[in-house]
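Multiple structures are listed underneath, in structure tokens.
After this come two complexes, each holding subunit A, first together with subunit B and then together with subunit C.
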Partner chain A sequence: MSLEILWRYAPSLLSGFGVTILCWSVGAAIGLIVGFAIALLQRLRLAPLRWLLRIYIEIIRGTPFLVQLFLLYSGGPFIGLRLEATTAGILGLGIYSSAYFAEAFRAGFSAVPLGQIEAATSIGMTSLDILWRISLPTMLVATLPSIVNLLIILSKETVVLSIITVPELMYQMQTMAAETFTAFTAIFAMAIFYWLLVEAISRVGQRVERRVTAFMTPARAS
Partner chain B sequence: MQPQVIVHALAYLTLAAGMTIYVSIAGIILGMGIGFTVCLARLSGGPILARIGAFYVSFFRGVPLLVQLLFIYYFLAEFGIDVPAMAAAIGGLGLASGAYQAEILRGALNAVPLGQSEAATALGFSRASIWRRILLPQALRISVPPLINEFTLLLKASSLVSVVGIAELTRVSMNIASSTYRPLEAYAGAGLFYLAINLCLAGLGNLAERRLATGAAR
Partner chain C sequence: MSAPTIELKDVGKSFGALEVLRGIDLTVNKSEVVCLIGPSGSGKSTLLRCVNFLESYDVGDIRIEGKLIGYEDRPDGGRSLMRGRALREMRCEIGMVFQHFNLWPHMSALQNVTEPLQRVRGLPAAQANERAMQVLTRVGLADKAPAYPGHLSGGQQQRVAIARALAMQPRLMLFDEPTSALDPELVGEVLEVMRSLASEGMTMLIVTHEMGFAAKVADRIAFLDAGRIVAAGPPRQVFHESQEPRVRQFLQTYHDRNSF
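Moving on to the complex of A and B:
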């Protein structure tokens, strides 16, 4: 263990951390938007479209992220999709997470009691109104825990991007390890760093969850 | 797209799929042992063991698998012990999966109503037979769907084992991609294999669920 080497490489490690955060946040944002769109489209009563989306979800969830990344990054140019490593990484994270987010949103929609939607229809609300005012608020609250969970999983998945040479934290650490022969220090620091990061995210997530779902749990005498 | 690339490489990919399945199953079994032990430690091992169990789960769920794999690969090397790639691969998958399986089991055990074990205690069941006859059979039934989910995740995570040099599906498709210059076909082929294995796993899971459901309260 040598802290001074970590200190000497601080600039490149910090830039790596920046790339990690960038990939994570933009990738997750793409995944959330696409996933939400998929969940909405699945609610349309169009059988062929639903099958297509189902197949998309099953393929994405049934194959490893690393293989998807390779397909996108090194297979992409053969169908005219030439991407830089970081762009490919962000896009890959977005595609990968969209399938999981879509499933989470779908489960959320089915958590809305049918009686509420029937009641809204019977008092003459339009279907857009029902979606906006009834389904969405309930469904977003119901899916929050799984969204936080997916965000955490996604933050760990960014390490895999180092394999396609995205200059994120893991990549910078490995560069440092190769230049200074300090593989153990590098990996040890990575482990501790991610552990703290994930613990912190999940603590914040639990806080937010408790806040947002406070109205659903009956108040306890305290 | 030149599908014949996949056809030519089919023998290699099939062999590699065998390796993927082997590594995954070994990881699952190791993870089961660890998961059961950690779960026991957390539920009835006294405060110190429970603390250690919670620490274990938090660490192995918090650190990315790729980092864990390299950590295992380099950690013992630091003390002059050469870890074979295969041991690092299976150990890494098993240690990580153990943390997830421990939490699945713990959740399932907590889902068994407390009244049942109280009733059993009142009837004079010993602690061991409460576990064996009342808690475990029900907990296993509850935990089958999340366990199958964990197994499919582990199967996909096994692609990361390629970084320590195991010739499994991802590694072999990388080699095929670089020797044929057809990455699209090579990785699509690997993806198809993963998909097929996962579908089989899901089928097995459904079967197990139906088997275990006999005798469940409706």
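Moving on to the complex of A and C:
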């Protein structure tokens, strides 16, 4: 362990950490939005559309992230899609995670008790009102633990972006290790960085979960 | 003479090969209280759920104040499903109370009542709150307005659910086994609210296993068995004078279970 080397590389490591956070947060945001849209569209009773979305999900879930990333970054130019490494990385994370988020949201929708929807239907609410006012809040609460879980997994998937030369933390660490022959220090520092990041995400997640479920936990049995 | 509040004519419904309702004729006039009783699986709840078209029926007519619910007559003599808006307009005049309360857990008692007032009736927030507080006071729960359903007892939740339906000022109310999910000592408070509604002239169709309540409050009883009404009439007649073997057997079982 040479703390002195880490100190010397601190600026590039911190900028790498910044890029990691950027890719993770923007990628996750894209994934959440697209995943949510997919889950909503699947609820429309349009067989061809549901089919297409199902195929999308199966392909994205069925292939490794690394392969998708290469296809997007190196295969993109063949169809006229020239992306900068970081842009491709963010987009790749977004596409990859959207399939998983879509599945989480779909499961969340089916967790909304039918009775709540029947109560709203029987009182004359529109489908749109029922979706936004009744299903959505319950669905989000039900989905929250798996969303936090997926966010954690996704934060660690960012290391794959180093392969297409996105200057994120893994990339900077590899550079440092190669220049100073300090592989062990680099790997150890990586572990610490990611552990802190994951710990932070899960703390925030727990706090949010506690807040939104506070009113749903029965104080006493009926 | 005006049309009855609810009128069912030769209503039938099947789930696949299983006929759950067969040739149901039933009329509920304004301010009448009618209780549907019978063994489980006899079709009582399905019948009730057809009245606001939560469940579709296959044949026959169900009319609310003379208007067919769920279907529209086509010029060619057939009928097609009613459009969403027309159906919603009919549904919001029909209050419904469920066995499992079905309150929205992410809203306080007050919000559960104001939500449909604002979304369906289009009342501004202040007016919705005012009317919600009136009905919550009426069911004895003004002090629980800010509480979430998860923090209320079953009896309190059911009274909030009644308040939610009542606030819409419906023409009639449907109750689907409103006390079946409650602990015995909480049944009374809910029945008391229903009794007071009945005495104020609310038109009510009630699926219940509370024979004592039915005998005291109902104007008429309809006994269902295997999707048919096998006996109907004033409580006295159905409970004490019916010679129908299914009714006698059902009541005998009920008495045996409730005496100790």
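Quick note on the criterion: the second predicted complex is superposed on the first by the 219 of 222 C-alpha atoms of A that agree within 3 Å, B and C clash if a C-alpha of one lies under 4 Å from a C-alpha of the other, contacts with A are read in each partner's own complex, and residues count from 1 in each chain.
Throughout what follows, a contact is a pair of C-beta atoms (placed from the backbone, for glycine too) under 8 Å apart; a residue touches a chain by one contact, two chains touch by 3 or more.
All values reported here derive from a predicted model rather than from experimental measurement.
On the shared subunit subunit A, the superposed partners subunit B and subunit C are arranged side by side without overlap. The angle formed at subunit A by the C-alpha centres of subunit B and subunit C is 100 degrees to the nearest 10. By the document's definition of touching, of the two partners only subunit B reaches A:S74; subunit C does not. In the superposed model, A:G124 lies in contact with subunit C only, and not with subunit B. In the superposed three-chain model, the partner touching more residues of subunit A is B, compared with the other of subunit B and subunit C.
Contacts of A:V160 after superposition on the shared chain: subunit B is touched, whereas subunit C is not. In the superposition on chain A, contact of A:E168 is made with neither subunit B nor subunit C. Legend: residue contacts after superposition of the two complexes on their common chain; A:V198 is shown touching subunit B, with no touch to subunit C. By the document's definition of touching, of the two partners only subunit B reaches A:F65; subunit C does not. When the two complexes are overlaid on their common chain A, residue A:T138 makes contact with subunit C while staying clear of subunit B.
The superposed arrangement places subunit B and subunit C with a least CA-CA distance of 21 Å. No residue of subunit A lies in contact with both subunit B in one complex and subunit C in the other.
Interface of subunit A with subunit B (complex): residues 58-59, 62-68, 70-71, 74-76, 78-79, 156-160, 162-163, 170, 183-184, 187-188, 190-191, 194-199. Those residues of subunit C that touch subunit A in the complex are listed here as 52, 54, 84, 88-89, 91-92, 94-96, 98, 100, 102-106, 115-116, 119-120, 148, 150-155, 157, 161, 164-165, 168, 182-183, 186. By the touch rule above, subunit A contacts subunit C in their complex via residues 113, 115-116, 118-127, 129, 133-134, 137-138, 141, 215-220, 222.
Those residues of subunit B that touch subunit A in the shared complex are 58-59, 61-68, 70-71, 74-75, 77-78, 152, 156-160, 162-163, 169-170, 173-174, 177, 182-185, 187-188, 190-191, 194-195, 198-199.
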